[in-house]
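Please go over the structures that come below.
The following pair of complexes shares a single chain, subunit A, combined with subunit B in the former and subunit C in the latter.
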Partner chain A sequence: MGVIKDLKNLIAGLGITGKHLGTHAITVQYPEQRDKIPERSRGIVVLLSDKETGELNCTACQLCMRACPTGAIVVEFERDENKRKVLTNFTLDNTICCFCGLCEESCNFSALKLAQKYEFSTIGKEELVWDMHKLQEVGRDVPYEDKRKKKKAAPKKPTPKPTEKKPEEEKKPQQTKEEVEAQAEKKAKPVDKPVDKMEPKPEPEKEKPATEDNQPGEKPKAGEEPTEQTGGKTEQAGDDSKDDTKKEGSD
Partner chain B sequence: MALRTEEFVVNMGPHHPSTHGVCRLVLTLDGERVKKVEPVIGYLHRSIEKICENRTYPQCIPMFDRIEYVTSMSCNQVFAMAAERLAEIEVPERAEYLRVIMLELNRIASHLLFYGVTAMDIGAYTPFLYGLRERELIIDLFEMTCGQRLTYNYIRIGGVSHDIPPEFVPKCREAMRIIGQKMADYEGLLNENPIWLARTKDIGILRAEDAIAWGVSGPVLRASGVKHDLRKDDPYSIYDRFDFEIPVQKNGDTFDRYIQRLDEIRESIKIVNQALNGLEGVEDDKIKAKVSPNFKPPAGEAYARIENSRGELGTYLISDGTKKPLRVKTRGGSYNQLQALPLMCHDVLVADLVAIFATLDVIMPEVDR
Partner chain C sequence: MNGFSEFLELHPLFSWLYELLKSTGLQDPWLRVTHYSILGSMMFGVLSLIALFLVWWERKIAAHIQQRFGPMRHGWHGWYQTIMDAIKLLQKEDVKIALRDKPVFFWAPIVCFVAAFCVYVVMPFGEGLIVADLNIGILYVLAITTWTVISLLMAGWGSNNKYALLGGMRSAAQIVSYEVPMAVSILTPILFVGSLSMNDIVLSQTGPIYNWFVFRLPFGPIAFLTFIIAGTAEANRTPFDIPEAEQELVSGYNVEYSGMKFAMFFLAEFVNMFTIAAVAVTVFFGGWNGFQFLPSWLWFLGKTLLIVLLLMLFRWTYPRLRVDQLMMFAWKFLVPVTFVNLIIAGLFKHLGWYW
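And now, the complex of A and B:
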């Protein structure tokens, strides 16, 4: 009796799996066929370029660098004769990026995005550390919505913002009114370094940049105020050492 | 002439496929009978709590994703809740509904994964494919909403990161309908199967008083007959608005722990459907309370606890008024369940030990953190 019941139950289970006979597979053959990826899908980080000029949208404000929980992003910049920031390098270490999307959210200038791309396997680990040019190249065909609303109007017009900024605004087409506002905002509430592994910041430096057009505390290694004004060489060094400490810490 | 036998100590793991991560069990065997089990933990310790002390509050949420990666949403939620209690932030109603939908969807996804891997540990392969197929429907919903399939970083301090896309609601209803239908298949495959019953019935019984004494929570506790669920007993978020039952089993054996999860899927489907209806009635579009990027809660301490698919998940935060938490402590259900494992393994076969371990549904990162 028990055996018959057991057999019946076994056959009931087989019946359920048997329903799939003749139906199509729900999986896809990956390299040839691909599933459609949702629009919001967070893949690799790319740098976005201006749709018209083809230049990078990044203004080297370093907000993404500060937002990154793992320290995967390193933004390096120099200051030109007008103390305006010029992006010199943007390094993304894909080996420690956790694809959380906080950098994209922190960016006010549509400078970077977590694109829908996900294929970036390489032979060597070193090839996964991408610099500005590689990131820009990968991000060329990524569609995006430009968050810089006043872009058209701003470049030539001197804005009624702090007087010392006016000359910079005229020279730099990418630095828009909004950006200035955002910077002013940042000035109001200083942002700390998010990652512990970064250099310990000297306390007085936090207050210092409030007098400049620069956000507070963004260059902990930049040293004293004069060096920051004269050139970006020290900043460069600071970034390198930061990079090292970060990698060390991420292990 | 009787053969002389003696007990034999064997290491199971740390890289045993049935330990779901890296857990080492030191077994004392008498032939094929397990005399003693001693879980050795710490192989997956990543010091997430300490890492969080060096991150700002918003940066802690991606770290919390990785504490319990099968239900990341609940980890997001518990951290956000603790931080909101610290800073006394009011969460918009729409965000609360979205949170409940995501938490319950994640609970269903987690239980479906449990259904699949438990059956596979015990030796049935088909349920694994079934469980993962329907789980995919839910993972697709998450990907559509927040862009990620496993580590969501969706529930933020003060709300959620994205509103749902317009196609979410119909797809979610459809997924709930499909999973509701497939429940009959899941049960049909295993519930009456004689091999399954022989492997699970009266194996690894955890008595209710032992479960309480060892701090076991969640489905394992309820399978032992204790009706305890934080969603009812200490309602957080907006769980008091929904009509659902807390399923309870009697025996606390492996079979009950399995059937308990299937019952919970049904209740979660109910909650999701009610929450989707409720979401339509919310007029306010706001999904996030105003929280500064430099979130600085006042000095103090807060504890938040929620019921996730592995029991009580709690987070204790101490703030010293700076951007970074002074102390982060997480309490995961898996830890207590793993500690209760020796209680259930009196004179069982090694194969049954695997079955018992599987139905505890332990996630090792939650144990070690």
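And now, the complex of A and C:
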């Protein structure tokens, strides 16, 4: 009778496999179908643009650059005539980025984010070093929560502060007002205009070759930059950050 | 309805071919030779297609049992994946190891391939769809399927590789052991037919469905069970696949083969599986007998594919037996059971309880 019992077990086994044969496969056919990525998953680092003006949110404060544990981010800037920082290049080396998200945490201006995108394979290793234009393009459609809005409103308050900072602070709102006016004009015109009107774009493009030339010898440069410029830059950056904190405090 | 299924019957094709050859003025020995060779090559083509289909089907069934999709890229659900695989295998280099036994190494896959296809000379695919109705048909089938042992031994010896040789030796031991219960369990229905011809076996099961030999209680189902177990072992399929146990012997007897020779072994394996299913259908499930609304060859094909499905389910359900368990099962369980079954069937026949 043991035989009959064994036979029953064998048939039960066949039943189980047969049942699985009937159920639908759980495989996701990747290029055609995609899994839904969790909202807070950390993908590529992208630069975020202002929703209204289409310009980069980055203020070249270099906090992300210093927060980056692998040194994947290099922020380059110049001083304009008003001694304000103007971002000239933002390089992200995707080959050494570890997607830790510390840059996103350190940023006070919603300038960058780890988007949900994860498809950026290329043929060459060099193509994985992205400059600010590429990062901006990729981050164009990434939704984000704008942390700066408080600060936009903040400068309108006439806060009595040390005289040195007054010109800067006065100019900021003026500029924004101009931008708003310009926008109002643009809104009447076709939507493509804002992208065209991004005047800073051509300028960095002129400078881009120079930075690209630098890239082969990037590592030493990255080392050099702090040594050469840290003295000035870090102090200035520090000033900025102090300013920010002061503003926040005043708010 | 009746006329439609008769319209789909293929046996007029065979007689029409014969008449066509006769009208060209061929004399008898050559007439028969050409007729048989044309039919044989037709059978070969059909079986190659069936083997390719079975490879695809097995992959799909394996995948769906494991809740995967399997091949999906070439055509609808990857239907021509195996054709692409075959083309790839044909293009590959035929690697020949230096220390091989040259003639043995060369002939092993050919023997395996030819043996796998030779069985179908006597297989009744449908009403009148039989290449040659030998009067020793089932004996011929048993004899030819045993060629596989020789080819696997040849492959194992010729490869000059200990894994391959071990695989060949194991397959020889296994197939020789399981040949006995297989033959005896086929003998049980033969007792009632009184003929070894495949056509006679099928014709004796015409009529109502309880004329099929599986439904002749109590010995019918037992004979079928023992046959399908022994047949699985004969076709080297998974509960009994010790000749090519991947975890023990790299890939068994075909380790050293590549390219087209490997493809021959591979296709022969699937043709062997189809053979087992076809013999099971012919002997136990009434062959091409069925109901009126479909042509006979479709009935045969459908039943055979169902048995093949059962063999595939076996493969993806049961774990492999150890060598000693395998031998013990064959000699201590299957052989006694089949012999007792045969004796019971003989008793029934003698007492006239069955016709």
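Please note the rule applied: the second predicted complex is superposed on the first by the 141 of 251 C-alpha atoms of A that agree within 3 Å, B and C clash if a C-alpha of one lies under 4 Å from a C-alpha of the other, contacts with A are read in each partner's own complex, and residues count from 1 in each chain.
What we mean here is this: contacts are C-beta pairs under 8 Å (C-beta built on N, C-alpha and C of every residue); 3 or more make two chains touch, one makes a residue touch a chain.
Being a predicted model, the structure only gives us computed values, none of them experimental.
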May I ask you to decide whether A:55 touches subunit B, subunit C, both, or neither, giving the answer as first, second, both or neither?
neither
Using the touch criterion from the header, give the chain among subunit B and subunit C with more contacted residues in subunit A.
B
Look at A:9 in the shared chain and tell me whether it touches subunit B only, subunit C only, both, or neither; answer first, second, both or neither.
first
Identify the partner contact of A:137: answer first if only subunit B is touched, second if only subunit C is, both if each is, neither if none is.
neither
Return first, second, both or neither, reflecting whether A:81 touches subunit B, subunit C, both chains, or no partner chain.
neither
Please indicate which partner A:67 is in contact with in the superposed arrangement: first for subunit B, second for subunit C, both, or neither.
first
Figure out whether A:26 sits in contact with subunit B (first) or subunit C (second), or with both, or with neither.
both
First (subunit B), second (subunit C), both or neither: which does A:99 touch?
first
For A:38 in the superposed arrangement: first (subunit B), second (subunit C), both or neither?
first
Report for A:146: first if it touches subunit B alone, second if subunit C alone, otherwise both or neither.
neither
So the subunit A residues that subunit B and subunit C both touch are 10, 13, 16-17, 26
Within the complex, which stretch of subunit B touches subunit A?
54-56, 58-63, 65, 126, 133, 140, 143-148, 151, 153, 161-162, 165, 185, 188-190, 192-194, 292-294, 323
State the interface residues of subunit A toward subunit B in the complex, per the touch definition above.
6, 9-10, 12-13, 16-17, 26, 37-42, 67-69, 98-102, 105-106, 114, 189-192, 194-197
Over in the complex, which subunit A residues touch subunit C? Could you list them?
10, 13-14, 16-18, 20-21, 23-27, 29
Given the complex with subunit A, which residues does subunit C contribute to the contact?
61, 63-69, 72, 313-314, 316-318
